[in-house]
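Look for chain A in each of the two complexes below; its partner is chain B in the first and chain C in the second.
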Partner chain A sequence: MTDPKMKPTQYVLRLYIAGQTPKSLAAVSNLNRICEEFLQGQYEVEVIDLLENPHLAEGDQIIAIPTLVRKLPEPIRKVIGDLSDTEKTLIGLQLKPR
Partner chain B sequence: MDKAEGLKVDIADLRAWLSEEEEALAALREGRADALMGAAGVIGLSGTERPYQIFFQAMNEGGLTLDADGRILHCNPRFSAMVGLPIDALRNRPLADRVVAADRVRLSRFLTGHVVATCEARLLKDSGGTVPVQISQTPMELDGQRLSCLVVSDLTAHVEAERAVHESQALLNLFIQNAPASLAMFDRQMRYLAVNRRWRDDYRLGEREIIGCSYYEIFPEFMAEWKAFHRRCLAGEVVRAEVDRFERADGSIQWLRWELRPWFVSDGEVGGLIIFSEDITLQRHAENQLRVTARVFDQAGEAIVVTGPDNIIQAVNATFTKISGYTVSEAIGQQPSLLKSGRHSNEFYQAMWQAINSKGYWQGEIWNRRKTGETFPEWLTITRVDDERGEVEHYVAVFSDITQIKDSQRKAEFLAAHDALTGLPNRNLFHDRLRHALAQARRNNSRLALMFIDLDNFKTINDTLGHDVGDELLKQVATRLRDAIRDVDTVARLGGDEFTAIISECTAELANQVAARIIDDLAAAYTIREHSLYISASIGIAFYPEDGVDSAELIKAADAAMYRAKEQGRNRVEFFVPDLRVRLLKRAMLESALRAALRHNRLRLVFQPKIALREGHPVVGAEALLRWRDPELGDVSPAEFIPAAEASGLILEIGRETHRLLLHRLVEWRALGLSVPPVALNVSPRCIREASFAEQLVAEIAAAGLPSNCVQVEITEGALLENSDNVVANLEKLATAGIGISIDDFGTGYSSLSYLKRLPLTELKIDKSFVDGLGQDKEDEAIARAVLALAHALDLKTVAEGVETVAQLDWLTQMGCDIAQGYYFARPLEADDFKNLIEAKGREG
Partner chain C sequence: MIDKFLPRLDKCPTGIAGFDDISGGGLPRGRPTLLSGYAGTGKSLFALEFILHGIERYQEHGVFISFEESPKDLAVNVASLGFDLARYQADGQLRVIQIELEPQALIEAGEFDLDGLFIRLGAAIDAVGAKRIALDGAENLFAAFTDMRILRAEFHRLMRWLKERGLTAIITTERGKDALSRHGLEEYIADCVIALDHRIERELATRRLRIVKYRGSAHGSNEYPFVFEKQGFSVMPITSAGLSYAVSSEQVSSGIVSLDAMVAGGVYRGSSILVSGTSGTGKSSLAVHMVDAACRRGEHCLYLAMEESPDQIERNMKSIGIDLAQWRRAGLLNFHAVRPTASGLEMHLAMLTRLVDEISPKLVVVDPITAFATGAIDETVKLMLVRAVDLFKTKGITSLLTCLTSGGTAEEATAVGVSSLVDVWLTLRNLEAAGERTRGLYVSKARGMAHSNQVREFILTNAGVRLEDVVLDEHGRILTGSARQFHEELTRAEQKVSAADQERRRAALERKRHVLEEKVAVLHAEFEDDVRALDAELEREALRVQASGRALGDMATQRGSGQTTQHTPR
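This part shows the complex of A and B:
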């Protein structure tokens, strides 16, 4: 039985991309798939295109794109790449033990 | 801010950073991410420059910044290593100089684009050669200047991996093309998409254009049945047949194994089908062959065992089970030694395996054991089966039970050695058995009795009642004889009415009992064809070794005894009585030969040196031994002629001859100026009993002009025990004259210490029989030790006789024995040899 007062963990994710490159597109599509499959109803995703807002890279110290940042729950975690490897992505987000 | 403070970087943070950089770089290398080294990255982020610098310096990728003209402003050690030039040499030089000429235009376009992008190029190594790289560009502006940040990844490993992929694809294609089965791929309309070489060969399509053609167009004669199979497969089913018979156009039969398997496109729809077929005609033939072989194996009249190279049974046939009693499951996994009978030696099996290994097979007769425990003879052939490399693959043993053959062979052997009428051993076997029994008696030092048994008046029965009755009587006599003796003994029929019995380990008493029983048993009535018959027997008995030491002598003696029984009135037992006349004759011959020897000086002395057991082992004396070589009798041993001489009284004359011979030698040697040690004479008990013995010897020595101490006298311990005053008187006189007295064979008699004490002795000799055991036999050692102690107590010298080994010598020396003689030092020497010895020793001394 789940405690009705206990809210499930909420994931706040931010994906940094740079324009409509194939890697960026792949990362967006992979992230959507993974969230639907593993985090149904428990996530918020914000996609940031650094070509449009280069200054936004500063906050998360992004050095490569695409990079997925888990803002919440803390601590902050980063997964670099197009997220094509679901397993690696889940480990990176700590949704799966290493 | 304090500089030191500013450089203070949390090591944990740095580690976290570096691991993130690693991850980023891995993603870059694998093409999952692009480098972002813009204004936001390298520059202007307070607190992060330091980690970036470290990262830039340490990272495993080449990193560099270019100015707007494509010149290198700065690069990291990794890039310097890639091109093989120091960083200083690269600064302010165009990057294009370090790129293969063919790639320069592309590089220039890439750099001019000034956007986040990647391109591939080949770097020139200073040492020659090129490095394939991927270059990621991040454009940036600094103080109004256009710059490019580049990350250069070494693609050598990727290029090689790619080549490997291409190669493996080519390999796969090659594999499919050359697969030992036919493969073809069709689309839903059954149009050829691909075929391999084998398919073309199998269906005789040659190089005909078939891709895109329909299956049914190529094989218009194909049956409706196949269309149905294709339909089923295209509906998603795998259709297959393991063995299918095809009749070819030319009438030949082909056996095929085939399979139809659908292939799917990504959306899960059937895209077509793949046909796989394999011509198994040859296999079918081989299988048939195998079936025939298997039938032969199973139904062969011989037992067959197949083992692996480890000699573990892999297969046996039905006949094996029939002969051995072991079922297939009991035999498999075992070794053939399961059947070992224990009748053959290890050498036998070794020789067998040697033949198998060297010649490839072995054939012969061998005894094995059935499961029931019964042993049986078999005719066995073992063949080694090698694989194509010449290594053992199997051993195949084929055998048949030859018990029946052996039975008839045994029957023949039995008949050859036995009397057909009575079944008793015949003359041949009797001789064998007697020789065998004699050898055993000789070994065991036991007696053996040989009986000759002859039926009295058998001839009369044979003549009056006929041979049939006679034969029947012989049979019954044989049975009664066999019953009368022990199982270990032998009864044989020599022929006619002559029988014999060999009784081993037999005393006269036992022989008498057995003979009496035989006489009694044979005397009971025989009923043969309504006749009641009676018969008696005469028995002669001779013993080994008294009456004969070999078969011929013993048979002669037993036969003579049997004839005596007949002469003495039949139906009785007689023992062999040696003919006294023969013995007397022998003795007389020996005596006369001995007299002649004395007359013709055929006796001589040899000298056994006596050696002191101290430094240098000097010769301190000798024992004179008598030898007789007769022109007719050859060398006659003292053990043979001395008893004869003693019995006849000739011994006194021999004694005197011995004295003469010895004194003659001593005079001769002293005349040569040699210093001769005392030489001992063996004096017979008979001589020492002579009242005048000592006086005569002393007189003889004096007459020869010799000092009396040049001679010693040896008498046996037994001689001392003779109850004779003369013995003691003689010994005292000898002692007074200075002649030493040795007691020979000491330890074998029963002399008491108190008695010995009263005698004027000088030496005790330890008998050879005790010396033999020194160093090994505790009892012998104990006796020798006692003799040595006794001699010491009586103040006598000790002489060990028959010393042959260094172990004996060591023991004696250690125990304080004075003197030794024996083969270890020297055999008895002829007079001249002994003279030479003392001459040599004299010079040494």
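This part shows the complex of A and C:
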């Protein structure tokens, strides 16, 4: 992963929120902080507000809000909550061993 | 009932056969109901039927949320019941959503809520304008997350949310070891709790449904057997109408004239008749007479053969001159052979219900009911029979149940247990005397009709059953079989003897009269002689008086001068 010859792994992340709630806002800012710190230059984040697009909840089987879905690299991983627990978020994204 | 003292709770009919009867109209409208049961007890089917009947019968659209089975599996499950899930969904009446929970792929990193679930439910509810919703296997939510504090709060919010939206909901949950649900869901769903159960007693599997709690409503508190049938989930209540079925005063013949006479001309239509007796006393023979009589009237009959095959019954009954095959061919007689232990009691009941609906018989024979039990007739079997008899009565069907008793001193103990369910109880018993076995019949009970208290001898002839009047010997003992015949011969002989005797006495009297008459004739003749003798004497006397008168006259003429007999007194 740190081999400079290899193309760095690209992270495609999707964050599901439901309106501008404190939890959602916290999740957005926590995610930005973590990405900048651990995935600089190798991530894409898409934030989906289910209040605006409720039908999008089906695809990723969203139940809890907020939910962060790691679409790539596969396999798909999910982290739920406002991501205030950085340690657990990193474990969930498999940036850190369990 | 109790209902009228409580504010009327609006009920939402489930459309599930029998359930709406025991719940006084269905589930509490606009509230969630908890449906608890072990795996495989039929929770999903109950919930799904609730939704589908809502669409089919009550114009209420629905949403089915499955936390376990895939929509494809669900569709297959109910296709056999005649429901086409795809069509309802295409028509915008139904949404089926599977919520997939993958706890192993989920990490919790901070505060969360279940808004995702709410949004999905909300979208589905709005899409079809749902009035009913089922959350099947909702307790799986608790297994998917680790933060129970959040889960409890969210589940509570979910229930409130459903109520606010006015949805009638069923939440199914797997039963815990000692609780109705593994995660204490009953704490959140306080309005109505239903428990399903599946247990095996005496090698018979029985499914039961019980309304554990129903806030603000009277409800049946018994455990009710239920089944899955061709038509779906079916609960077997003693109908809430209870004992209020219409009764008929029409009397129907048993097919045996002399038996009809014993019960004031025939049993009432729609009544239930129990025929008990030990093996070989002629219970089935009695039953087929009734069948034969009903078929002759053009009525449909249902014969549940629990021990013998229909062919065997037909053959055997031919020997007493009853041709059942003709009724079978005419489509009037429906035999149904059942292996009693092949399925659970509630299954038999369901089958009976279905057959009765299909055939609309006027007479049902269950031969024998004792085959339902592996041992004695216990409460479970009795309960089932109560429901069966009740079913017949509500439909005005006359029923004849035969009951095999074991004999001995407590011989009718079994039958006694069942007899309270029936209107007429005929007892057949073996009468043993003088090295011979004969059959006796008596009416143990006949509700609402005058009936004979006598034992009759029950004789099977090649022209059917005949009941012989009871014959008593000089000690008051009942004589049957050859003893009765002997007694009858003896009586006839005695009568012959006494007839001869009378003849003799009459002849003697006749002779006496003859003698008497002769004597009278003699006396009469003597009397006549006396009369004649007297007359002759009287005549002679008269002549003599005349003669003496004339002589005096002559003398006066001789002595006087012309004056006759003139004396000259001074």
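Rule of thumb we're sticking to: the second predicted complex is superposed on the first by the 93 of 98 C-alpha atoms of A that agree within 3 Å, B and C clash if a C-alpha of one lies under 4 Å from a C-alpha of the other, contacts with A are read in each partner's own complex, and residues count from 1 in each chain.
By definition in this document, a residue touches a chain if its C-beta (ideal position, glycine included) is under 8 Å from a C-beta of that chain, and two chains touch if they have at least 3 such contacts.
Every value quoted in this text rests on a predicted model; they were computed, and no experiment measured them.
Peer 1: Quick one: is A:N30 in contact with chain B, with chain C, with both, or with neither? Answer first, second, both or neither.
Peer 2: second
Peer 1: Check whether A:I62 is in contact with chain B, with chain C, with both or with neither, and answer first, second, both or neither.
Peer 2: both
Peer 1: Now for A:I91: first (chain B), second (chain C), both, or neither, which partner does it touch?
Peer 2: second
Peer 1: In the superposed arrangement, which partner chain does A:R77 touch: chain B (first), chain C (second), both, or neither?
Peer 2: second
Peer 1: Residues of chain A touched by chain B versus by chain C: which partner has the larger set?
Peer 2: C
Peer 1: Touch check for A:A18: first (chain B), second (chain C), both, or neither?
Peer 2: The answer is both, since A:A18 touches chain B and chain C.
Peer 1: Jot down the residues of chain A that show up as touching in both complexes, chain B in one and chain C in the other.
Peer 2: After superposing on chain A, chain A residues 18, 23, 50-51, 54-55, 57-58, 61-67, 78, 80-82, 84-85 contact both chain B and chain C.
Peer 1: In the complex formed with chain B, which residues of chain A make contact?
Peer 2: 18-19, 21, 23, 50-51, 54-55, 57-58, 61-67, 78, 80-82, 84-85
Peer 1: Where on chain B is chain A touching in the complex?
Peer 2: Checking each residue of chain B against chain A gives 20-21, 23-24, 27-28, 30-41, 45, 48, 116.
Peer 1: Quick one: in the complex, what on chain C touches chain A?
Peer 2: 97, 99-102, 105-117, 119-120, 122-123, 141, 144-145
Peer 1: Note which residues of chain A are touching chain C in the complex, please.
Peer 2: Contacts found on chain A: 16, 18, 23, 26-27, 30, 50-51, 54-55, 57-58, 61-67, 75-89, 91-92.
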